[in-house]
């Protein structure tokens, strides 16, 4: 039984990590063409991300869009989650359900919807489009994490605070915010990472005017290889791991993922 | 009442505007555009014209829809088979190991589909992939390329779907009452038998809903079928992108999007009705 | 005939010792209660008998069969879990016959046995119900029936009453004991409730901090507890600091008292504890003739709850509780000086 278990775990890990290992090997390859097993060792393809103007500006575009859309998503989600939880407003609950929907739909449908909408109102290829697009697409994440955070606030704490003379704003600032903030941060971080990696909505909203990294990589894939893509893949994986480690450290990861506390 | 109810609603205005203007309206626009009619001066105008759906009802597009559904069902099945035992084992790990695995799984799950497609392209390439390793070991004379092919599409899509499956199954499996398993053992069932007679039946609703979610997620894949497959492996999502971006045919792209929407929704409804309804 | 034997058993989880050097031997067919506060190792010990944990050291055997290395599913045990652990995806009948179907019994055999067990548990006709349709008490009966379906060699229950309402517990304790006597099956119950242990057990094993503190019949443990921990855990007790003043005499404050039982060797002049049970201590007003074997004190509280009257007396800074029936009621008031009589037979000396 133990042997079967070990073998299965080893195979599973190999399947999951194997492709990543190959990418890492390729990213440190010193030659222009892709090779595995790698020949030589160099950081040249990592330097390229920051030196080559077009790669670097794409990276900056992506980081800016990710930051702005994650912020926007948290700003939209907070009042909805708060009113649904604190006052049990039916309207807020309906808005909550509506806000979850974009994340469940196949993203290409949403991307097409944005394309139709922005072109019909004359916002052709503004960077704002992709920021709004990602915020709406990923709205479900802060909605869910903030609600989880709010649910972990014991309502008797609010009553205790009120009994000592706190009004609604003070209760929010002194009781609810400190408890729910880590969960809001987790929602922000999830949005940030997924926006950074998102392709189709970015393509259909700003594909011809702003190059995000996923768009640039896809274009590069069509016209030929470069090991820079491998180094970007490694960089992105590291960013992802760093962000999720932060969530795990400052928030309750298994609770967010729906496990028992 | 410290706060007048009206001010509660006022605080929801900005969010309502954002969700309403940038989700509800664009969504309705897809529905309208899918039944629009061609016009002289502009590309199309709103009407109730079913010609784009009639175009879908040719064998080429129906075959694409069936292929998409079949492919995604297969991916959902394979990824659940791979992910379920792992997730079960994951819940038995210590908290540190568990968190490390979860972080890695999340990181891989968030990795752009573009990058996943790229890494599988390398993995299956002639010069630097598995073929190369096989030749290097000496099993075959020469290295060979394994993509584009249907196998490559399936392998990479499963790779995309497995982390999702793990995270979708994780809540149910980590909430699974471990004393049920112990009870089964004290009643004479071996660990393997316990797995099949207790773990799987008890978590069946979660397995089914995870399968449906993975199915819908995989329907959304766009890059893997293009990069690792031939045109005959393209899914509905790829066709929608193709129509919208390269053929500028918004009405037909919208009609295909509506088909994709109906396909996803009906699978969700059917499966949850017939498979999930059995539990009291 | 020897039933359950636990020999030199120790269990460590990493550096934490959960069970240390436990040696116990019981006769076949006995009902044994592991009693102790939470975290004392009683559940771990039970789980080692079940095979859900392997001892770090030592050996467990039942009716002469060594269980070391025998996996859970080959041990021939029946176990009732604290949460009952009934399978939510199976009906009542399917739950009960689960073990029989694993052993390949026929459908009709299973059905007959389910009917028989449900009758025995006073739950006829519920075989087709779902677990979610049952009340807490009914679930417990089903869990017991399921554990007994294959007539196991040993019957294990982990805190079986803790999920039940208080008023249901007492009736269930009596019923479980009757059932056990009827079946004559070796049974181990883990509990933190001393009344439960006293109600059901042939043998009580009192545990604390991973060790066995005392083993014996319920009354032996109540009357002559081994130390102050057991005395405090089983029933209420009065513990007064005292010095040995002879073989069977102790000095408490200024008074000398004769004692009935002395636990352990104590030198004359050594600090010890004088233990009495509240129902064996009597209170007399100072105006009455002074009784033999008494100390003086002041009444601090009187609690009359009808069936019994509880008097709290302050004796030179130590509180003594006396529980009396109405016919022994001395009619004292709070603040009154009294003599507290402790008959020699009621006095026990424990190590300080």
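In this document, chain identifiers A, B and C correspond to the written order of the chains, with residue numbering beginning at 1 in each.
Keep this in mind: a contact is a pair of C-beta atoms (placed from the backbone, for glycine too) under 8 Å apart; a residue touches a chain by one contact, two chains touch by 3 or more.
Quick caveat: nothing in here was measured; it's all calculated off a predicted structure.
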Chain labels contacting chain A and also chain C: B
Most distant chain from chain B, judged by the mean position of its C-alpha atoms: C
Separation of mean Cα positions, chain C and chain B [Å, integer]: 56
Separation of mean Cα positions, chain B and chain A [Å, integer]: 17
Residues of chain B touching chain C in the complex: 177, 179-180, 182-190, 193, 197-198, 201-202, 204, 279-280
Residue numbers on chain B that touch chain A, as the complex places them: 2-3, 5, 8-9, 11-12, 14-16, 18-19, 22-27, 29-30, 33, 82, 85-86, 89, 91, 98-99, 102-108, 110-123, 125, 127-129, 132-133, 136, 159, 162-163, 167, 170-171, 174-175, 191-192, 216-217, 219-220, 222-223, 227, 237, 240-241, 244-245, 250, 253-254, 257, 260-261, 264
Chain C residues within the chain B interface of the complex: 50-52, 71-75, 77-79, 81-83, 85-90, 98-99, 102-103, 130, 132, 146-147, 149-150, 156
In the complex with chain B, residue positions of chain A that touch it: 1, 5, 8-9, 12, 15-16, 18-20, 22-23, 26, 33-37, 72, 75-77, 79-80, 82-83, 87, 89, 91-92, 95, 98-99, 101-102, 104-117, 120, 132-133, 135-136, 139, 167-168, 193-194, 196-200, 203-204, 207, 213-214, 217-218, 221, 229-230, 232-233, 236-237, 240-241, 244-245, 248, 253-254, 257-260
